[in-house]
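In what comes next, chain A is part of two complexes: it sits with chain B in the first one and with chain C in the second one.
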Partner chain A sequence: MQQHPLVAILTRLGMFVLVMIALSIMIFVLARVVPGDPARMALGPAATQEQVEALRQQMGLDRPLPVQYLDYANKALHGDLGMSLVSQRPVTTDLAQTVPATVELVLVSVIFMFAVAIPLGVITAHYRNRSFDYIGRFLSLTGVTIPSFLFAITMQLVAARYLSDWPIIGRLDHGLAWQGGPTGFLLIDGTLAGRFDVVLNALKHLALPAFALSMAGIGQITRITRSSMLENQRKDHVLTLKSFGVPERIIIFRYLLKLSSIAPLTIMGLEFASLIGNAFVIEMIFAWGGFASYGLTSILQKDLNAVTAVVLVAGLFFIIANLIVDVVISIIDPRLRRKEAR
Partner chain B sequence: MADMKMLDASDRGLSSGYMMWYRFSRNPAAVVGSLILISIVILAVFAPWLTPYPKHVGAVVDFRARHLPPDASHWFGTDKAGRDIFSRTVFGLRVSLLLVIGVLGISVPVGTVLGLIAGYFGGWVEKLITGLTNVMLAMPPLVMALAVSNLLEPTLTNAMIAITLLWWTWHARLIYSVSKSIASEDYIEAARLAGAGPIHILFREILPNCLAVISVKTTLDAAFVILFGATLSFLGFGVKPPTPDLGSMVADGRQFMPDFWWEVLCPGAVVFYVTLGFNLLGDGLRDMFDVEN
Partner chain C sequence: MAEPLLNVDNLSVSFVTYGRSRQVLRNVSFSVAAGERVALIGETGSGKSVTAKAIIGTLPKNANISAGTIGFAGRDVLSMPRAEREALKGTAFSLIMQDPLSSFNPVFKIGTHLDDVMRFADKRNGISTSKAERRTRIAAVLRRVQLADGERVMNAYPSELSGGMRQRVLIGLALLHQPKLLIADEPGTALDVTTQDEILNLINQLVKEENMALLMITHNLGVVRKVADRVVVMHHGDIIETGPCAEILSNPSKDYTKALLEAVPPLYGPRVIDLPRSECAPIVTIKGLNKIYGKRPGYHAIRDVDLTLREGEIFGLAGESGSGKTSVARIIMELSRPTSGTIDIDAPAPGRGRRLTQIVYQNPGTSLNPKRTVKQTLSLPLTSIGMDADAREARMRELLDLVRLPQSYLAKYPHELSGGQKQRVAIARALAAEPKILILDEPTAALDVSVQKTVIELLMQLRQDLGLTYLMISHDLSLMRNFCSRIAVMLRGEIVEEGVTPEVFADPKHPYTRALIAAIPVVTDVEERLKPIVTEEERMRFLVKTTA
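Presenting the complex of A and B:
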């Protein structure tokens, strides 16, 4: 029994809501039961006990945990994630400033990933057990194996040595007079404002971190595309096409590729969690100043509201990515469409 | 013809152990991976005797020898305190291997048992366990590990706890899918009719059929755990100095880029070497056992 794709997606959506609730409870409890008093930490060692108590009351830390959680959840749904104890600003303001930088980086990386990995997977499968296949497989093994920090730092070193003008940290040159735009995405804002120098400069800054961030995914996706191409080649309908004399080119690009991109897409969705994790490393190395950098600082500073928000947003990224993957798969997978057609 | 006979164990009276060895020795990835891992284990275990400067794992300071480039006496050069980086990376392997043993030693058995139970019993147990794994999978592991280990205290033990808390889910999910498909096989039904209890069916009927999958997954996971641990300590959540640890050595060396590149690249390359070993062996095992992704 095939479910209608819309039903399937709605079911997934419901599950994702449950996942978010569970995730929020888990991180909320975790952030509250750990040793160390956030009120004391916010005020510093010089504050008196009375001041700490007063802040505790003001922050609502003296109430029972379930009450605190419900209060937090209610506010969170209304777009209030509390104050950051370190920056003394609403966490949502901090997030609004940092999330676009990360999303831009991650999106460019994902585009890069598929642009490199899918062709590489197709080619290595086509030239199976020939020299090109071995080179491609070696590259994908390296991608999966190499620590992202090692790869990122190596690229920085190489760029610093051989491409002395190429930017190796930050999102934009300081020399450019740029006030920022409405979306926070440099590529979009720059295009809207007609500032193509900004777009070009941002792209140059993006190249190295995006490549470093996509490396692990390139390895994974190449491998999976290759193996699913090989597997699907043996399927009856492909053999039928072959025996009818349909040209190899058409079989590969029209039939095989579509079928074989389902597995890599699914894996991409699951791997998104580790992509976000790697973003922490890449942003740190390239001084990116995005959401992951913010997350790292807030974790180091034990800024509880910020940490909770960071984990939730990271979970949300994962969920959105998987929803997109589900939708894309239901579009390209003919088996999921069958019911509609009838 | 010779090949045919070799592969037919019963015909020639060959032991199944020999058959495994035969398939293993014909698999370059598995052989190279094992050789790498053997070299790593030997280095880690006998580190005090194999390294030129075993004392440099401690808080030794020799300012005359600081930031020396790699040469015959210091293969990987020296760091900011004049300590031999090669000796320190070899000792750093111990931390990485301990992390693997600690994390996988707990998460593999836990994940396997829960996966078996969920796959065999079904019903609310299945719903509960798969629901739990789905929630855990939505958490970016690195973010969670950072949050947990830092909210407690940024030490290796806490990082290990944090990784373990997340890691069992991947195993549970995998074993669940295998065990669910095995549970519907006829021989399980036959065992049940013969009066076998659930413990017998879970551990004597289903588990042996999962061993190939488990060994491949565990080997590949060891590489991920190493990468993960190195990344955590690179971000500053590792063992306390002066204990050498590959990730924190890279982070330390980063301050002196690009002039003293060896302080970053050498420990980083060692991480790469270890993960490569586990990945090659895992891939080799996968081909040997013919396990799917």
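Presenting the complex of A and C:
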């Protein structure tokens, strides 16, 4: 019996909901069993024991964990992720301010990653075992092995020394009169408002962190693309097209590239987790003010609600990224589509 | 005599691997006249495919044409400028590849392949065409290969068509620009016999109608008789002999050709071997076997199969791909569970780690782990029955003697062995823990005929010496005719015919059995005349549809 594609997608979505529930339970419990009293940390060492107890009660920390969780889950479903102890504002407000910055950085990094890595993989495969291939392979290995913060700091130093007016921290110059826009994405809001000076300035700020963040992925994807191209090059269908005189550029850029993009896309989905992890570090270095740096501060401050929310959002990113990868791959590969429909 | 269409003269080709040069073609000379059908035959490594690649111009980069010329319509293609040579591809000569599945890129529609080939060939000829125009032309070509519903075929992905249909599209691809010469590299070999038969008929018909010349590359002498006027026999990069087809097949002058012909198992005639029936007690009894894969409603792979294997016999289970024969074998091996039905094996229970049944797979190239030496491969089953190092060593030497391989082969890796040697190792591995029943899943399908002959002889000897019972699974009925004492034919999960081999072949009852036997390419005209007759109506009813 053939299963409707919609059913397949809905099943997949249902699984993701389960994953999110499991993730939320895990982080909820973890955040509460690690040592350190959030109420004490919020109030500071000067507060009396009574004050701390009062806050604990107010926060509901004295109730059993399952009750706390159910209460949290119920509120979360209604869009209330609780108050941040540190910023004293609703966590959702904090997230709305910080998430777009991170998403913008990560998306630009991913685009940059593919724009550089796929052509590099194709070229190194084509010039296999020639000098270009060796240089490309060396560079991609460098990208994989060197930690991204090292790239980040090195680039900051180099930019500060040799490109004196190139921005090395923040998302935007302070001098620009910019009130923010509806989406929070500077590139989109700037374009919508017709403020191309803002867009250009934001791009300049994005360049270094995006580059540092994408280095590891570039190395990885270049290598996967290269080996995938080489493997597919030996297939009979390439020989068939060659024997009918179809030009090599068509064979490479049309036939081989599409077939060979499946492996790097799959890897990309998996790599997304480490991409978000690296974003935490990169955001700190570039004073990005995204949700990763927000997360880091809240972890150090034991800001319970904020930590839980940050982990959930990171999990959501990972799931959405993989959902997109799955859809794209099933568009590329008809065999997968039919297997799924079965 | 007029200038031949294709004239290969003194061609020598060598391959350079890791700095070492290896000669693969030595002074090869032959010609194909316009409208003539020539078969290039030879076994693995004889250089027949390299010859085809040299003509078309798709030799790998490490190949080096050290001498000779390839003349096409009076002009040497090897000394042509690159662009001019490219222009010949698909228009002057074109190639039909062997494996119709791997010859298409799986993530592109069939129509994309056809359109690109046509578009660039048109471009080289200086014609510019619109996409719609090309689509009409392609549909017309597809009709020529009996794919009437061109739209559906063009919009399908390769995995959505049957093997026969894909092979037809491959032929269509070759016909797009009315080439003068068609080069066919073992077409249909990867398909079922009945489909292969249809494909050969189609090629024959097209060559005649379009007045093309055909260069057929094959290892199957039966195919040669069907499609060739003249035969060129190759062996280790040399041409052994050349002559008219009938003459070579009936009266070869060279020993190699004679040996090649003798290795082909006969279907009818005095050379056929009748195996005695076993009168022993049944060793395997299968009753009411059903297997359904998947759920609601699932795929019914085996339907109510009853089978009895007698001790010491060779039982043949024949059928085409998807008929359920391998599923039966897997169930006997206890590798999968039946949905319903019983299997009784009447033999004393074997000891720890031992099994009553073992299997020899079709392709020894993939059934042996390439990273393990023969010794490592053989020691695994021996360790599992609890042998210590010394006993294992002794048993391994014994096993190699059994399969007639020298002791020194213990240290070799699979890639150092030939196909036949690898299959011998696979047989030794199957025999290691002394099973009573050996399942042979197309054990010689991946081997050359001459090698097949020696492996079959070895299996016969082993059965006698060790008192084994064989269950042979195959679609090669001419081989089964000479190797099995009883035979059953499976079609879509059911056994449609069962009996003593000579009787089944003398008077096949079921139309499907008749169709299977009729489709086997045979070497002599006498055998061809003895084949059963199948009506078109029966064909339609029982064979897989390969047209659209």
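Heads up, the rule we're going with is that the second predicted complex is superposed on the first by the 325 of 342 C-alpha atoms of A that agree within 3 Å, B and C clash if a C-alpha of one lies under 4 Å from a C-alpha of the other, contacts with A are read in each partner's own complex, and residues count from 1 in each chain.
As a convention for this text, a residue touches a chain if its C-beta (ideal position, glycine included) is under 8 Å from a C-beta of that chain, and two chains touch if they have at least 3 such contacts.
Not measured: the values here are computed from a predicted model.
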Would you sort A:A31 into first (chain B), second (chain C), both or neither based on which partner it touches?
first
Please indicate which partner A:F132 is in contact with in the superposed arrangement: first for chain B, second for chain C, both, or neither.
neither
Larger residue footprint on chain A, choosing between chain B and chain C, goes to B
Touching partner for A:F185 - first (chain B), second (chain C), both, neither
neither
Between chain B (first) and chain C (second), which, if any, makes contact with A:L239: first, second, both or neither?
second
Just to be sure I read the superposition right, which of the two partners does A:L259 touch: chain B = first, chain C = second, or both, or neither?
second
Counting only touches as set out at the top, which of chain B and chain C does A:T145 meet: first, second, both, neither?
first
If you stack the two complexes on chain A, which partner ends up touching A:K302: first (chain B), second (chain C), both, or neither?
first
Just chain B (first), just chain C (second), both, or neither: which does A:W166 touch?
neither
Need the overlap of the two footprints on chain A, from chain B and from chain C, as residue ranges.
none
Residues on chain A engaged by chain C in the complex (per definition of touch):
1, 235-237, 239-247, 250, 254-255, 258-259, 262, 332-335, 338, 342
Mind pulling up the chain C residues that touch chain A in the complex?
56-58, 86-90, 94-95, 97-99, 102-108, 113, 116-117, 120-121, 124, 157, 159-160, 170, 173, 294, 296-297
In their complex, what parts of chain B are in touch with chain A?
131, 134-135, 137-144, 146-148, 150-152, 223, 227, 230-231, 234-236, 247, 250, 254, 257-258, 261, 264-265, 268-269, 271-272, 275-276, 279-280, 283, 293
Sort out for me which residues of chain A touch chain B in the complex.
15-16, 18-20, 22-23, 26-27, 30-31, 34-36, 141, 144-150, 153-154, 156-157, 160-161, 224, 227, 263, 270, 273-274, 276-278, 280-281, 284-285, 295-296, 299-300, 302, 307, 310-311, 314-315, 317-319
